[in-house]
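Next up, some structures in structure tokens.
Two complexes follow with subunit A in common, the first pairing it with subunit B and the second with subunit C.
Then we have the complex of A and B:
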């Protein structure tokens, strides 16, 4: 049968530090994304754009429009963070379908790190946009009595963000592995097709929720 | 029955009971969204985005139960 989904396999030791499979896959994806973006953005032109530039513009414009609709403000300051988050999550969730690879988001550590990025950047952006005192006063919003609950909800939101991503991606891979060990070679193919859809939906949901949290922190939409 | 048997029972119970509530809630949410889209097809974009976020929120409850079940099966603190 399959091993525990809560542990991560160690690939090699870097001195005393064990390097696990999700770390290797993440660095591989980061290198591939950075290289691909650098190559695709090498020759950008205003007149007569090439096919690669057209696809790139379509992706960036769709992301910008979705973020702007969600946050109900200009998306330009948030596009680098949220756009990178979406592209990375989409590629990372789908990388689990490549034979021999395991989606890095199917391990709790990756999902927790991403949620931590969202939590800290929403605090930082909120403080930078509204000023420290006004931002802190937002926590005591309806009455100061709700201050502990507001602080708690800030933490549980990040927690549930990471558990949601981890649970969905990991359970999909786990079900495929169980079906594969019970039944034949081609039986899990429909499940893998479903996983293709679910990976993209989870990337979308994570990004939209991150946009909602950041929008609540900078004050463009109601704190959810 | 030893701790392992009780843990397996607990895991099955967590997932099966924990799936009922979110399933009912998601059904109601999707039904309401379908009705709203049928009434006002031009608002389908906003509605489906809100629906997705809401479904993710509801689904988290079932995922919590799944994580509890996995903890019981693979990282049991009492076994």
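Then we have the complex of A and C:
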């Protein structure tokens, strides 16, 4: 890694649209996740499930339970969004440990895109669940004087989401790259193990915060 | 630092597509299987609960039956005891009645046999007394005993009404009179008898004297249609009959009492 960690290399141009490396890696991860899910969920059985099916059910049920505990409501309607968010973040964060790959979440655009999706999703779900007027009135709670601050906090929360994710993943990879260039092949291994843990922790934090934001928007929990 | 808007847009679209893909290929089938398994589990649990309820009901029924068994047993024992007591009482009453009846029959039979024995003894005593009297009278002088009886028989004829005496005469003369005496009548006695009969009947009498020692003592005057008896044979027979009749009357009186 010789370039700046803050730059996003363009792989190719699709007309006027530059397709950067995070986008390409994301496509690969999307294909792997979709294909893997389709294959794993191909022969699901009610009785005597196999090991793969058991793992799938364990992952899905754990996600649903965790989201339900966070949002204090039935998690099934929110499972595709938040579950996919966690799985993508975990896999994307860990993909940086694969030699030759760079985690898509180490780019600010990817983190910003995910934060933007969470921001827009929370607004859309809040309006759909509570109605436009009631949802907008929530920004003037507990007093209309706090309306500008509440609106600002919506944006800053999404911003902090993206920056937190980007900073942690990017810094981890950057530190590993520096140590690797200075100390040799096996010295960064402990740091990579730490990065493995940090990647999962960041995925968890991002997902839980997203669940909190959406829960606050739909009114199942207090708006943070 | 440069932030590429296209990358943000593409990554956002990529993520939404990934949401749709995982929803289609992961969440929906896995959640369906979990829901189906939960339904099956719930059904099994419901069936198990129903079976448990049935078992609990059966256990309660058994418990109730087990609780009711002593009471039912006591009731049956009490009923059996009451029935046995009633049957025992009935049997005792029946036995007592039969015993009383048998005792009464025995008493009656004993009384009857006793009366029969007493009657037989009395008869035998009367016959023995009559035989004894006959034996004693047979040793006595016959003419001494016969004469008063002859006079008594003649007095009886004389004491009859005129119509009876006329009937004894039967319209014939002399009137045949068959005199049966226990011993041979002395001539003066026969004459005196003929005279008194002729006087009583108002016409002559033809006496025919016959001896019959069975009379013991006394006479019998046989007319055409009547007999006047004055003899110890008759007296003893009357006494024996009277004794027997008195015994029968006393037995009847005892029976009535």
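Everything that follows uses one rule, which is that the second predicted complex is superposed on the first by the 221 of 224 C-alpha atoms of A that agree within 3 Å, B and C clash if a C-alpha of one lies under 4 Å from a C-alpha of the other, contacts with A are read in each partner's own complex, and residues count from 1 in each chain.
As a convention for this text, a residue touches a chain if its C-beta (ideal position, glycine included) is under 8 Å from a C-beta of that chain, and two chains touch if they have at least 3 such contacts.
Because the structure is a prediction, the values reported are computed rather than measured.
Using the touch definition from the top, say if A:6 reaches subunit B (first), subunit C (second), both or neither.
Both partners.
Applying the touch criterion given at the start, work out whether A:217 contacts subunit B, subunit C, both or neither, answering first, second, both or neither.
Neither partner.
Touching A:201 in the superposition: subunit B (first), subunit C (second), both, neither?
In the superposition, A:201 contacts subunit B only.
More residues of subunit A are touched by which chain, subunit B or subunit C?
C
In the superposed arrangement, which partner chain does A:209 touch: subunit B (first), subunit C (second), both, or neither?
First partner only.
Between subunit B (first) and subunit C (second), which does A:80 come into contact with in this model arrangement: first, second, both, or neither?
second
With the two complexes superposed on chain A, say which partner A:171 touches: subunit B (first), subunit C (second), both, or neither.
So A:171 only meets subunit B here.
With both complexes superposed on chain A, which partner does A:69 reach: first (subunit B), second (subunit C), both or neither?
First partner only, subunit B.
For A:33 in the superposed arrangement: first (subunit B), second (subunit C), both or neither?
second
Jot down the residues of subunit A that show up as touching in both complexes, subunit B in one and subunit C in the other.
6-7
Using the touch definition up top, name the residues of subunit C that touch subunit A in the complex.
1-4, 6-12, 14-23, 25-27, 29-34, 36-37, 40
Using the touch definition from the top, list the residues of subunit A that touch subunit C in their complex.
Touch list, subunit A to subunit C: 6-8, 17-20, 22-23, 26-27, 30, 33-34, 37-38, 40-41, 44-47, 49, 53, 56-57, 60-61, 76, 79-81, 83-85, 87-88, 104, 107-110, 112-114, 116-117.
Can you check the complex and tell me which residues of subunit A touch subunit B?
4-7, 66, 69-70, 160, 163-164, 166-168, 171, 201, 204-205, 208-209, 212
Of all residues in subunit B, which touch subunit A in the complex?
The touching residues are 45-46, 49, 52-53, 56, 59-60, 63-64, 66-67, 70-71, 74-75.
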